[in-house]
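In the two complexes that follow, chain A is the common piece, with chain B as its partner first and chain C second.
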Partner chain A sequence: MTHPYEDIPPEGFWRSGVVETDRMDWPGLHKPKFHLTHTTRVATAGSCFAQHIGRYLRLAGINVLDGEPAPKGMGEELATRFGYGLYSARYGNIYTARQMRELLEDAMAGRVDKRLFLTRKGRWYDMLRPGVEPTGCASLEEAMELRRAHLEAVLALISSTDVLVFTLGLTEGWIDKRAGKTLAMAPGVIAGRYRERRFAFHNFSYDEVLEDLRETLRLMQELNPNIKLLLTVSPVPLTATASGDHVLSASSYSKSVLRAAAGDVAAGEAAVDYFPSYEIVTSTAMAATAYEANLRGVTQEMVETVMGVFLVAHGLLDALAEMEAGETAHGARAGSDVDLRGLRALSGPAETDEEDADVEAPEDELICEEALLEALRK
Partner chain B sequence: MSKRALMIGNSHVGAYMRALQQSDQDLGIDLECVAAHGDRLQAYTIEDGLFCGNFDDPDGKAARAGRKERARLADFDAILVTGMRFSIFHVTQVFRDLGVVAMDSARDHETAARNGMTLISEALLRRIIVDRLSNALAMDVVRDLRQATDLPIWVMCQPRPTRQVLVKGTRFGTFCSALERGSGAFISETYERLAHETCARVGAHYMAQPPETIDEDLFTDTRFMVGTLRPPFWQKNGRKVDFRHANARYGERMLTHLAAKLA
Partner chain C sequence: MTLPAKTVCVLGNSHMAAFVTASDQWAARWPEMRFIPFGAHGKSLECYRVEEGALVSDDAEARARLLALTGQDRLDLAGIDAFVVTGLQFSIFAPVRVFNQVSSMALPSVAGHRDAVERNRPLTSGALTEAYCRERLRATLGYRLARDLAQAGAAPVFLASQPRPAVSAREQGYKFAGFTRLHERGDGIWLSQEYDRIARRICRAAGVRYLAQPPRTIRDGLFTKYKFMRGSLRLAKAGNIRHPVDDVIHANADFARLMIDQLAAALDLSIVPAE
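Entry: the complex of A and B
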């Protein structure tokens, strides 16, 4: 070897790895540490982009767990509005690593703090998941009992999960100083009233996110020693920042910290892997097609590409193609166009099956409380 | 002077038709009826002020029973709707698996779990039940009628079943579990409240089941059911029994209440 770059594979060079590569498949981009199969019990959690991941994993026939299923006979629209089926439990959007850590701590301690329930127009809201009861609860007692039931469901879920796919969304959060807990939303957006003495803005640092992810893993493994954590970073930029910076800089900071922390946890822990959905979407090579007109929502085509890369890397698209129509399965190979068409056939606009209709929903139709911030703009 | 009302429904119209035939007193209401069994009215149309049932009556059974296939809305003072899946049956089913803290059987998450129920919020319970009631064929009819006429529309409460639903052979698990859990009063109150609300949302009035006809919240006193026999019925000890359809006595009570409202 005359220089250290001599034996580097094509994906190690920008030209062959990005400019000239097949940007539908991104060969070599994701090399899973552990493989998902159709029998792997997968749970999902995270920011709103994680809803795409859960939905496509289900479409691909992956065993995505649902620890709090919607009541029988409940319409899909109503179920979604009340936080059912978005993730593997009704925790709503978990934007920060700290929220995930604190959710597990509370679940394991069976701890429900009444200070974390705030009112609006006489209705009570769980500030750790305010979106799952869109009109609030009739009483504090009801809201607290529902949280207790939720925490038990989270415990049962983590105890029976093989792989938790956790999508990191933000570093910015709001902390209730009295309760010492990170809220899902800024106070006053859905319920409560913002008071400086009680609530504090916090932009989590790299060290904090790293520690929170490590603690999340430790807590999960305490419940379930064999569980694995698959991290992704949401490519959806911040709706708004309270940092005082320009939202572009703030978004870049958030995503950079999350990306670095996720990568480092994955590098240091055998039970943690990182999937580069963030890189695929935000790559300069994909700039023209990645985002909706609002420059936040990820296009359906791009979500398909992301999930195609994921499923191919895990060898799941082959199996899916075989499970699906015979003509699709013929000659199906990992990474081939045929495979991706197989995925699109399940999810694309040509489908008329009502069950698949939600796949066509653009980002704006995800349940994303963070987007409420836009409505508060002066 | 009697009010003229058009009654639209399914087999539950029988109680009212018989009441008018059998009552000794003037109930203050004359009824015409467009009705067909079960969901057979689902092909109904309303065009140019004419309600048409569009059901098959090849042997003339409906006509012999005094039921018409069509009626002009302008000929009446009020429209009554009954049956067609707007009933406590559909509400009771919800409580088989779900509970709210206001129910003793689900007062906290542990009690709910012990009783095999998932705890949900009252807000969600309300939405689920309103959705169920709103999806009943009766509500489709009401919504379309509301577009076609300004006449008052009354949804006449389908009676609760008799206790026969607790008996092996005709057993309805949902009613049994509701009784065992002591949730009958809560279910009954919830049904009545949300039935009123659902009807009001589509511009109709709801005529509740008269309290004197109700037996322990969830059931109808047998005196208001005995003597009816309409499909579907069940065989019990070799005898046909009907635990869903009210008799003329029930129809008379309801019409008396209605006449007072329309006066």
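Entry: the complex of A and C
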């Protein structure tokens, strides 16, 4: 060897790895530490982008668990509005690593703190998942009992999961100083009222995120020694920042910290892997097609690319090919040479009427409370 | 002076028979109302749609059924002064099915999560169960037909609650286990009130008027008293074929008479009691 770069594979060089590569498949980008199969019991959690991941894994025939399924026969729209089917339990969006850690701590301790329920127009909201009851609860008792039921469902879910796919979204969070817990949303946005003495803004540092992820893994393994953690970072920028910085800088900071912490946890733990969805979407090579007009929402095409890379890496495209073969009415290609763009035809509501079959889903169909912050802009 | 009779069209499925029988049997009771039926068994009306001022269908089988039973296979909406939609699954069965799947602390018998676990029905919020009941009622053919008729014209549209099952349904085992369970836990009266409240609300939002089951016909919230079920007639051209004695679904003409009284009152038309 004349120099240390001599044996580096093509994906190690920008030109061959990015400029000249197949940017639909991104060969060599993701080399899974552990493979998902069709029998792997997968749970999903995280920020809004994780909803795409769960949906596409289901479409690919992966056994995505649902610890709190919607009542049988309930319409998809209603179920989604109440937080069913978005993730593997009705925890709503979990934006920070600290929230995930605290959810597990509470579930394991069976702890429900009444200080974490706030009101709006006489209705009670669970500030750790305010979006799953869009009109709130009739009483504090009801809201607390629903949380008790939820925590038991989370325990059962983690105990029976092989791989938790957790998508990190933010480093910025709001802490209830009295209860010592990280809220899902800033107080006052969905319920409650912001009071400086009670609530504090906190921008989690690299060390904190790293520690929270390690503790999350430890808690999960306490419940289920064989469980694995697959981390991703959401490529969706912040809707707003409370840091005082420009939102562009704040986004960059947040995603950088999450990306670094996720990578380092994955590097140090055999049971943790990292999937580079963030890199695929935010790559300069994909700049023209990655985002919707609002420059936040990821385009359907890009989500398909991301999930295509994931499925190829895990050898899960066979099931998809079979599904596409059965979807000839949608004009998708059959066979093993699967056009991943065909996923779009498969990604609509499960019970689509025939006459609606060629109607595309709305661009931003994710349930994302963080986007509510946009409405607060002056 | 006798006013010209208002033409009331009764639409529905097998539950229409009670209205037809009552309107024949006590025609003199409602001198200002003239009834015309339009419907057939099962979901025949599912094949109909409102189009250019008429209720029409492309389904030859459905049209044939309507023609055989009512003498017409399309309904011109003009000239009708009121519509009454009966049966067609708009009933207390919808919320009972909801509470067969889930629990809510709105139920008098459920104090919390533990009760729900014991019942093997996950705890959900009262807001969710209400939204789910609304969704199920809105999905019924009765609701959709009433809504479409209301959107189509100026004549008032009434949606009549299908009768609650007979008290004897409790003896029919698993088929009505949900009703029995709710009754035994003391949730029947609450659920009955909740059903009427939600039904009234979604009807109002659709520009439809809700005809609730008369309280004097109801027992324990969830059931219809036997005297309003016995001797119910089938929907048939002959008009005098009774349902089997173990039928617990269909009400009789006495029941329909009370419903038509409600209708007359809502339309501000006279009711002439029998001598």
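The rule is short, and it goes like this: the second predicted complex is superposed on the first by the 339 of 378 C-alpha atoms of A that agree within 3 Å, B and C clash if a C-alpha of one lies under 4 Å from a C-alpha of the other, contacts with A are read in each partner's own complex, and residues count from 1 in each chain.
The rule we apply is simple: a contact is a pair of C-beta atoms (placed from the backbone, for glycine too) under 8 Å apart; a residue touches a chain by one contact, two chains touch by 3 or more.
Computed from a prediction, not measured in an experiment: that's the story for all the values here.
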{"item": "Fit or clash - chain C, chain B, common chain A", "value": "clash"}
{"item": "Touching partner for A:141 - first (chain B), second (chain C), both, neither", "value": "both"}
{"item": "Which superposed partner A:82 touches (first chain B, second chain C, both, neither)", "value": "both"}
{"item": "Chain B versus chain C as contact partner of A:215, first or second or both or neither", "value": "neither"}
{"item": "Touching partner for A:269 - first (chain B), second (chain C), both, neither", "value": "neither"}
{"item": "Partner chain in contact with A:11 - chain B first, chain C second, else both or neither", "value": "neither"}
{"item": "Interface residues of chain A shared between complexes with chain B and chain C", "value": "71-75, 78, 82, 133, 135-139, 141-142, 145-146, 148-149, 152"}
{"item": "In the complex with chain A, residue positions of chain B that touch it", "value": "93-94, 97-98, 100-102, 108-109, 112-113, 118-124, 127-128, 131-132"}
{"item": "Residues of chain A touching chain B in the complex", "value": "71-75, 78, 82, 133, 135-139, 141-143, 145-146, 148-149, 152"}
{"item": "Chain A contact footprint on chain C (complex, rising order)", "value": "97-98, 101-102, 105-106, 112-113, 116-117, 122-128, 131-132, 135-136, 139"}
{"item": "Chain C partner contacts - residues on chain A that touch it in the complex", "value": "68, 71-75, 78, 81-82, 133-139, 141-142, 145-146, 148-149, 152"}
